[in-house]
Amino acid sequence: MSPALVIVLRILAALGLMLANGVVLIYMLRKVLGHLHLRLGPVHVGPKGVFQTTMDVLKLLSKEDVWPSGVDRALFYLAPMVVFVPSLMAYAALAFSETWRITDLATGLLYTFAVLSIVPIGILMAGWASANKWSLLGGMRAAAQQIAYEVPLLLSVLPVVMIVGSLNLGDVVLAQDGMWLGFLPKWFVLPQLPAFVLFAVAGLVELNQTPFDMSEAESELVSGFATEYSAMKFGLLFLSEFSNSFVISALGVTLFFGGWLVPWVSSEAIQPIAPVVFMIKVYIGIFVMMWIRGTFPRVRIDQLMQLGWKWLIPASLGWIMVTGLVMKLWQLGPQVVG
Amino acid sequence: MLPDATVVRSILSAAGVHDAPAEETSLGLVCRVPGSGAPGVLAALRESELDFRILVDMLGTDTGEGIEITYHLRSLSRDEELYAKTALPYDGDLHSVWNTFPSALLQERETAELFGLKLVGHPNPKRLFTTEGLEPLLRKSVPQRSVEEVRQR
Amino acid sequence: MWGTGLIKGLAITMRNLARGPITVKYPYEKLELPERARWAVAPKFDASGNPKCTACMACVRACPDYILDLEVHTAQDKSKHVEHFRYEVGACMMCGLCVEACPFDAIEMSHDYELAVTDPEALAYDLLTDVDAASPKRARAEKPAAEKPAAEGGGPDA
Amino acid sequence: MTDPRDLVTDVGLLAEGAHDPGSPPAGIRRAPTGVDGLTTEHLVINMGPQHPSTHGVLRLIVEVDGEEIVAAETSLGYLHRGIEKLAETRRYNQLGTLMDRGDYVSGMHGEQAAALAVERLLEVEVPPKARWTRSLVAELTRIASHLIWYGTFGLDTGAMGQFLYAMRDRESILDILEAISGARMMFNYIRPGGVVADLPAGIDGRIRRFCNGFDAYLDEHHALLGGNEIFQARVQGVGEIDADTALAFGLTGANLRASGFGWDVRRERPYDAYPQLDFDVPVGTTGDAWDRYMVRMEEMRQANRMVRQCVDGMPEGDFTAKVPKVIRPPEGEVYASVESSRGETGVHVVSDGSDTPYRYHYRAPSLFACQVLEEILPGHLIADAVMLIGSLDIMLGETDR
């Protein structure tokens, strides 16, 4: 195969994975929220309603694309793409197994965070271009949120990087292979529990998920930045939200829960079904997000800012220092080099 | 429940309303005050020893000769209630009592709008419920649809 | 404090997930209506299939929405013939005052609650068309047998 | 004691052109300051009538500086049906159908107020069974109404679960009320003189079963929403209304009691079976949204207690007094009020001796809650405005009438 064809195939694989994820996750969200709320969720289209989301995508595709008067046409058109494309790009560095990757980037972790941080710019564009005051407020919130939470999100994963000594997501997983004291899985969530909590909170903010869905905040801002969007432009905004939750969940699994590894099973034995294990773990992570979404109220924007600046950033910096000190004192160097 | 009528009368005369009738009716103790004097009288009642601190309710009634405004006052410290009535001509001036009782803010707008009165001294004398140009709905001269009209819908 | 409330909340939603859905899948499953449920007005008929209505107009007068209308033709011998007993279900608020007012138990609040129609004309229809009204004397004589149960009972008698 | 004149500060700030009612909204106004040619602007935002959190069709025109509200004006009338005018052509026993549609979430209380007013005009004695039945259904309705408030208040904060759990419990109440009255919301059950029909056989067992289960569910509701730290951070200290402001603006019911003033119509002007019932009146301290939340949660527990007492102590006898079918009360004027879910729901009837009221006035507690919004909102964030509207439990059906 020519290298060009391989690249195209890889991009198509990423796109297919993203679209499939979107469809599955929206169905899953409806079912999970439904059952959490004593309801059933979709039941009509297909057995147990499995084709409901497919039909919704078809509906969105066939809907009229409304251009409200007064919108900034160029930005209004570009915004969904600026939101969608980085979400797609974020799949590139994920490690589904030792061999199953879209690309094998040495700086995978940094790259993923970098592309994900483009998403709020698209949201800000959408909010500004919509010529709607609610959208504007939503966009402004997204911008404030991004500035406040990019930092703790990155800082919270730094201790893991310090331990592993690599930004490659595959290396991070391999560093978690094995046992502590013979029975505890060598997952970073155990020694790095504070880092995981910081990562989870900052990740939820980054994803605009309840309890931090400030830029959408349907009870305050109607629908925030997405108020004026319709048809597939809305679909793209919606889809990227779900795809991002997959990416963040995958990062969490990779960094703290041993990626495709299963405790008490050797990494060679798990190799044939590694991507499946990885997906199951990611979906469990997403289920927890949905569970939180079905339970928690939303924080207020000034409380969110306070949480970010006053607590998360100092706490993550402090934890980096603690980790560094421990590594220095006990001479625990990076486990994987290069 | 009922305040002492003589006390009410003395408060009213101190406020400049002489010979104001204050009598017991099926409603309770009702005193009558002139339309333009209503804000002053209500303020006097509020500051008096009867301590009518709450304007519970306020309504207009089309009596056929004009609009009668009823203020329903309540004193919490003495657990007494008093009704003050004001007779206004059609299209007359409704003097706002919001300075004394902020709870009249919206009710005065409603009463003025639905009885076609002119609101005087109100910070925001706009219509409250209905659109501009609608007849004052609660006047008896404004008919409802008759049964025949309803049938012919 | 310290996030215990958050954990407790998650536990509560999970407990409710375990309780299972309470959904009644409406068009496939239906709840049983209680006996007193009030929905569209329906005429009642006696054993031989004749309407019990005597065209006394009590229901028409009782209706707060003016949606009942009786068009009655009175013959020479005072017997009444109902040309139309119109009922506009689209404006009916199912208050039950007409049924309470009926002295002959000739109409009832039925349990027919699936009232959505696609044709606006169908929102008003005749309860009775072109039938002889029951004679009040006979209706009164028959009434004890067809007495409404106390639970269904109308308003207090005058 | 504060002078209410001091309390009113910003009322009608937006209405500078108010004497010309046809003038357009003020739009975006430039703040006076600017640095190097840069200016900041206040934004005028139209919140409602189709905003998800304005609980119906309340319209708030808010002027915001960033997200902070600097002025607010309520605009009502999107649900105005002219109930007071319609009542002038309805006979006295038809008034309940109108009152149901005023405060449509707690219809029984409106009917009760109308019935009490007509009874006061007629001077009839209501038999004990009717009075106890009325209190029973009124308290059930109070729980149902507060459950809706609880659910939607949570929705305002962004939580979703409690809404459906509240609906589950409300559904069982509505089933009971449907079995009693024949309808789920527009009951038309309480009439002048008593109630329209006796309680159906076997309903007391159903009500007891509900009461026994509900206390546990109520604890769960409180743990789910009130125990949540995020929710506490959202509501504590938000929208504080002190007792003087509350009294000056005519707040009643739970909103007034949350401000620390324990006025309850059921206590101060007892009606129906309340003199015989044993209940506590919860009173808050600071009058913030959290206090209003706590007061309403406790009111549900007290209402449940009263329902149990009503079922246990239900006397035998007639369910209605002898009242003529066409009621022609003597000439006169009365005011009767009940403690509805939202406050003091009053009915002021002027009778001219005919079979329809000459003038029928409906004191809607939510109207007073609406006017306190203009006073309290400035200084809060938009997110707090949503909390404030939610905690005041505004019902637009009765403000607009």
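Each chain gets a letter, A, B, C and D, in the order it is written, and its residues are counted from 1.
As a working rule, a residue touches a chain if its C-beta (ideal position, glycine included) is under 8 Å from a C-beta of that chain, and two chains touch if they have at least 3 such contacts.
Predicted, not measured: the structure shown is a model, and the values here were computed from it.
Touching subunit B and subunit C at once are the following chains: D. Ranking A-C and A-D by contacting C-beta pairs places A-D first. Averaged C-alpha coordinates give centres for subunit A and subunit C that are 55 Å from one another.
Computed from the mean C-alpha positions, the centre of subunit A lies at a distance of 43 Å from the centre of subunit D.
Averaged C-alpha coordinates put the centre of subunit B at 23 Å from the centre of subunit D. Subunit B has its Cα centroid 62 Å from the Cα centroid of subunit A. Touching of two or more other chains is recorded for residues 36-39, 294-296 of subunit A.
Residues of subunit C in contact with at least two other chains: 6, 9, 12-13, 16, 22.
The set of subunit B residues touching two or more other chains is empty. Partner subunit D is touched in their complex by these residues of subunit A: 33, 36-39, 133-134, 137, 210-211, 213, 217-222, 293-303. Of all residues in subunit B, those touching subunit D in their complex are 25-28, 53-57, 59, 61-62, 70, 72, 76, 79, 98-103, 105-107, 110, 114, 123-130, 132, 137-138, 144.
Every residue of subunit A that touches subunit C in the complex is listed here, in rising order: 34-40, 43, 291-292, 294-296.
On the side of subunit D, the complex with subunit B involves touching residues 4-5, 7-8, 11-12, 15, 18-19, 21-22, 73-74, 76-77, 80, 82, 84-86, 88-89, 120-121, 247-250, 261, 263, 268, 332-335, 344, 346, 348, 350, 358-359, 361, 363, 367-368, 370-371, 374-375, 400. Of all residues in subunit D, those touching subunit A in their complex are 43, 45, 51-53, 67, 154-161, 163-165, 168, 224-225, 228, 230-231, 233-234, 381-384, 386.
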